[in-house]
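Reviewing the structure listed below.
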Amino acid sequence: MDFAPTARGREYGERLATFMAERIEPIEREYHRELRSLADPWVVLPVIEKLKAEARSEGLWNLFLPEGGQEYGDVPGLSNSEYAPLAEQMGRSFIAPEIFNCNAPDTGNAEVLVKYGSPQQQEQWLKPLLRGEIRSAFCMTEPDVASSDATNMEATATVEGDEIVVNGRKWWTTGIGHPNCRFIIFMGLTDPTAHRYAQHSMVLVPKDHPGVKVERLLPVFGFHDEPYGHGEVSFTDVRLPLSAVIAGPGRGFEIGQGRLGPGRIHHCMRLIGLAETAYDLAARRSVQRTAFGKPLANLGGNRERLAKARIAINQARLLVLHAAWLLDTEGLQGALSAVSQIKAAVPAMAQEVVDMAMQLHGGAGMSDDFPLAAAFANARSLRLADGPDEVHLGVVARLELRKYLEENR
Amino acid sequence: MDFAPTARGREYGERLATFMAERIEPIEREYHRELRSLADPWVVLPVIEKLKAEARSEGLWNLFLPEGGQEYGDVPGLSNSEYAPLAEQMGRSFIAPEIFNCNAPDTGNAEVLVKYGSPQQQEQWLKPLLRGEIRSAFCMTEPDVASSDATNMEATATVEGDEIVVNGRKWWTTGIGHPNCRFIIFMGLTDPTAHRYAQHSMVLVPKDHPGVKVERLLPVFGFHDEPYGHGEVSFTDVRLPLSAVIAGPGRGFEIGQGRLGPGRIHHCMRLIGLAETAYDLAARRSVQRTAFGKPLANLGGNRERLAKARIAINQARLLVLHAAWLLDTEGLQGALSAVSQIKAAVPAMAQEVVDMAMQLHGGAGMSDDFPLAAAFANARSLRLADGPDEVHLGVVARLELRKYLEENR
Amino acid sequence: MDFAPTARGREYGERLATFMAERIEPIEREYHRELRSLADPWVVLPVIEKLKAEARSEGLWNLFLPEGGQEYGDVPGLSNSEYAPLAEQMGRSFIAPEIFNCNAPDTGNAEVLVKYGSPQQQEQWLKPLLRGEIRSAFCMTEPDVASSDATNMEATATVEGDEIVVNGRKWWTTGIGHPNCRFIIFMGLTDPTAHRYAQHSMVLVPKDHPGVKVERLLPVFGFHDEPYGHGEVSFTDVRLPLSAVIAGPGRGFEIGQGRLGPGRIHHCMRLIGLAETAYDLAARRSVQRTAFGKPLANLGGNRERLAKARIAINQARLLVLHAAWLLDTEGLQGALSAVSQIKAAVPAMAQEVVDMAMQLHGGAGMSDDFPLAAAFANARSLRLADGPDEVHLGVVARLELRKYLEENR
Amino acid sequence: MDFAPTARGREYGERLATFMAERIEPIEREYHRELRSLADPWVVLPVIEKLKAEARSEGLWNLFLPEGGQEYGDVPGLSNSEYAPLAEQMGRSFIAPEIFNCNAPDTGNAEVLVKYGSPQQQEQWLKPLLRGEIRSAFCMTEPDVASSDATNMEATATVEGDEIVVNGRKWWTTGIGHPNCRFIIFMGLTDPTAHRYAQHSMVLVPKDHPGVKVERLLPVFGFHDEPYGHGEVSFTDVRLPLSAVIAGPGRGFEIGQGRLGPGRIHHCMRLIGLAETAYDLAARRSVQRTAFGKPLANLGGNRERLAKARIAINQARLLVLHAAWLLDTEGLQGALSAVSQIKAAVPAMAQEVVDMAMQLHGGAGMSDDFPLAAAFANARSLRLADGPDEVHLGVVARLELRKYLEENR
């Protein structure tokens, strides 16, 4: 048992930390202020492109992409457990993931295209994505059904001759508002008569294709997360050649499965970083503010709350690192329960830590003077996105009970 | 022991319920949609004025104002425990409190003016306020200090000859964005050498007086709560005649104390209503949405969560009603612990119930398709406004331990 | 709305409080010490009989028995909401319920016999029970099935000619170890072909009847609750005349329903008293013990914990009082949800408050130097006895969802 | 990062698992039944000595003793992180720790003697202890003061010429009831004028020395944990030669510090094992018992509770393993916060998991038909023993805030 990172992991960690401390942290507050001051905040400020170029030239780029991605660009090919601490660091900032070209859903989309994309799909979409020239979206969740149960899906991807025809309404399409968003991976029902896991397809849909319409951008609490956004998108008779289907019709679920493991580890590690940011603000506030003649840290249960938050973050981090290690050593099947465990545990932990930090900040914590309210919305939304807590707890229980059910047979 | 309302209480309850069901509920969703669609949402839509006129003409008006308020208008003079269930009903809607002229901070400001205002102050500010012609704000909390400890206050209200000079910076001034907001009750330090509870004054400041500046309107989780708003307000050498001081210099704390009891009961009862709205949405959703072949109500722990929410709401309501009854029968001193108990317990309960409801709604719950995210922000902010949870728990503990400390002497 | 007790309720409350403060509290610690020192603690110490005689002669006797019970003895006939605060007081002591002849399951058994017993049954069992001469037990729960679902019941009460034949194994038969325990009310299956609620019978079984065997006395944690005890009891071909069946065969469920409402209110109010005792010990300890130079009350989150416990107890008490009032004013049907709400909420609250008190006492809290460990076992066991938390939450949810399901039809 | 055990760790793990599965599990239930049936349960049943001999001969003996202990016996000298998973396994059984000679407080006492004992002390006490011939106790906590603050200690160890004189009253002396308990390590105040950390001494006191009296054996929730027990012990003018002082007068704190790290890791890992046992029982029960036509696993929130318990156990285990690794790699100073984190987190987790398991077992869970009530008492007591939760949270907060306080200077 060894909790130390690999030499390569440590080295990337140090370089990333330096980059963030020297180049992102100093400008982030001003970045948000500037963006908020714009009449149209759905833009990429020049500082982002500048930092992206620097990150890329220094090799802090596409770090999420595992072994196998190297042929599409200059990618170190880190393991999940090497990348996880880097994702945590990026999660401390709202803009870092984009700067390092490690933002969701581009990461998941890139992984899908590396693994399942045709050479043409890779040429057209993957390569510019990995160069950070374009961005992408992923359309899965639907407004009219409980999407926690994927078999509820109503949108369709129908094969008609050598075409695939896409129809339906999706929402919570993150990143669709970004000015550079160029394509969508759309999931829809192709053949309801096929085996339960072979009914759906994933289709590459250009964002500006006729029939694609961003109906509205949804707020999360009151935030729109500009310039990324979360869209409701309608697809009306969107016709594409069959070559737009990833890996061929009917393979949507199979592809979807593959993206879940790493994606959830990335989400969870970024949330660990988010929780650390909130914790850091809370601890600092607790020694700086004074009430009733004492620093807040010395009032009532505040120290206990900080200590419990520290423990909660540490436990959560270890759980995610362990899941990443399982994914590396045993593959998705061996990490199935672990991945659902982190997805059920980490967003809830982050929500609580941020809530605690907010309380220590008084009214300021709810305003935009601190990144806490936005962090709260982020953590809260991840208790729903990518499967609600309850679904993941159900998966954990199902896998746990398997052996007892056999025993009882 | 009798948990039934008085005849008068029941009658007002029924009339209020009918008014809300027939005239507010049917238009509320559209009201919000219209307001959101405006370039400038800091306005009073005509429907509000229409409903206010109806409510007033039907005597559903100023219901919060206790016995003694009748001389300033047509006011039934209900007791706290009679009014409490009405406040709960109003709390189910974002606009009802204004329609019935029972919105904070106007309610507290009116009570202050009834009890402590000079005839001239009552004529100038109280009467139009009770007629619903103008609205008001209250300036207490400050950005630069922990305002949970009122003795931290840095703003000043200095007596200079026959003038009072107001300086300082306040924030979380709710209602300051409302187009009809005309005056502010400002609290500031007058005499630091006086007895601890005689150092502060409350001053009536016209909102458009020279030296008063709304620096910005603060978001709460991304919400600005248009057209009310929560402002940061600076006061720079605001000079007013001494007659603008309520009850004379040095009586700020004394006045402040008096407004706290009823005000907290109103807040808490409105939150009970808010929690009921969220509960109602959750219960309905749980039978209407289906996943994995079952209505959500039949999945996992959802029924237990609904049952626990029901219990939590019922307990909280009884606690507030009991506090209101204590306030009626024993006055503020006898209700001191009870009032802090509800303030510590009810917002936290409401936050949890709304969070549960949100989870049952999936992504929709966080968007503006449902009033849940706004309700969450509201409940969350009341864990800070009017004294954070921790301060109220401290008050409860202090009062509880008194007898044990005496015993131990 | 009036939270004040009736004049009669207040008067009984005062007399009971005086009796407890002057005659029970001063001897209780010594009582337990003496009992523990005995080789055979399954005895009634003389002090108990002495205090019973005093309580009876002063009319503090059978206070639980509602209107209608007066013909069987000198009983005030209090309403549920009048009795509830008295039950709370008794719950502060382990021996008070017996001293006032208000101990479970005798109370429920007496109510059953008042309402459903034949004159002969009343003469033989009810009258000596109400005189405090004998004690009784109730056999419902079974070791081999999940008794939370009453339809799982396997024990039988078979009609054979003019006899009823009782067979089966029951456990958690509280009070069976008491030397004065003379009869058992046994519930068993009579006719599996009858309507679901008409299959069972309640039978009066003399404790020393052939075929009745107390197999063992079960510990709760490590406590045996001498001299009451919780027994596992086997019934082997126990033959009794049909006149031993209460209200005739097939009416077991109907009778059982009736005992649940008041019984649960009694249990819950006694637990409120138990929680108050624990709270009182905790508060006293917090000002008397010193660590790190401060009384415990001034360390970390201790004040917040005390304040939260105060709020939790107060909320729970109000919930029970409200349920009692509903039972008085609307009968069992109208109070069904309320009764399940208190049963789900109050034992869990009491467990937490006692746990908090224990923590403040350090090791002493777990020993028998304080009544906390026994109180914990008591509160914990009531999260299972009389229906586990989960079953009651299920009842609450079912009743809540009824209207939404109709709406949705 | 590598979560896999070392080859040696894995091998010991497998041999231990086999031994436990084949030789301990099959007899444990009967062992407890037999012990309970005895008039005097303060004995070592022959099966224990038999299994001890087998464990010793197979090298599954003194596994807790780190590198450096080999000269005192056949000890593998495992690291903390190698031993931790073995402690978890032992923690699944109440008797395993003794069988493998890894029971507290013998383990801590042995470590102290290895590190600080004089050759004579090692000869007299350490060697027979490591051979499993004798057992020992540790006297620290006192009944009359809050022992969470060690500076409260009132017992004395006074140097008089070439003698040390021991006086005072201790309690929660675990293991003092064991028939083989031969010596006590006693901590007392030697020089109140010395530096705060140089005032106390640790003295080796033979259990049968004149002046040593076991006043009583304390119950924990009604359990006496025979044949180990938790005693209250008085020391009255216990005179010993100065050679009985470990490492010389005034070094008590220094020695005490050293035993805390490994000791807390052992406690916590055994609690992980305890929680696993409870979890295992709960999961099995949930598929075997049926109510309302379904296995318990399919009712209400039971699956969610099992899943949350799984997550809680896994997180806690990782936190302890990480603390063990820190202790191995950075020493006690580097692991200080980590050790307090686990001590604050793990017993509370174990208590909750056991409580959940108990609830799934209904009444049976509280009886001695299952080891759950005893497990509960064990977990609960470890929220107090070795420093209450609150003290450890305080340590964590203090270490966390250090850098913020410096920053703020």
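In this document, chain identifiers A, B, C and D correspond to the written order of the chains, with residue numbering beginning at 1 in each.
In this section, a contact is a pair of C-beta atoms (placed from the backbone, for glycine too) under 8 Å apart; a residue touches a chain by one contact, two chains touch by 3 or more.
The chain lineup, named per UniProt: A, B, C, D = Acyl-CoA dehydrogenase family protein.
Keep in mind that what you see is a predicted model, and the values were worked out from it rather than measured.
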Contact distance in steps, from subunit B to subunit C: 1
Higher-contact pair (C-beta pairs counted), A-D versus B-D: A-D
Computed distance of Cα centres, subunit D from subunit B, in Å: 53
Rounded Å distance, subunit C centre to subunit D centre (Cα mean): 38
Centroid distance [mean C-alpha coordinates] between subunit D and subunit A, Å: 43
In subunit D, residues with contacts to at least two other chains: 300-301, 303-304, 390, 393-394
Complex contact set, residues of subunit D against subunit B: 300-301, 303-305
List of subunit A residues in touch with subunit D within their complex: 1-6, 9, 81-82, 283-284, 286-288, 297, 303-304, 306-308, 310-311, 314-316, 318-319, 321-322, 325-326, 329, 337, 341, 344-345, 390, 392-394, 396-398, 400-401, 404-405, 407-408
Subunit B to subunit A touching residues, read off their complex: 141, 143, 145-149, 151-152, 171-172, 218-224, 289-292, 296, 299-302, 355, 358-359, 362-368, 373-374, 376-377, 380-381, 383-385, 388-390, 393-394
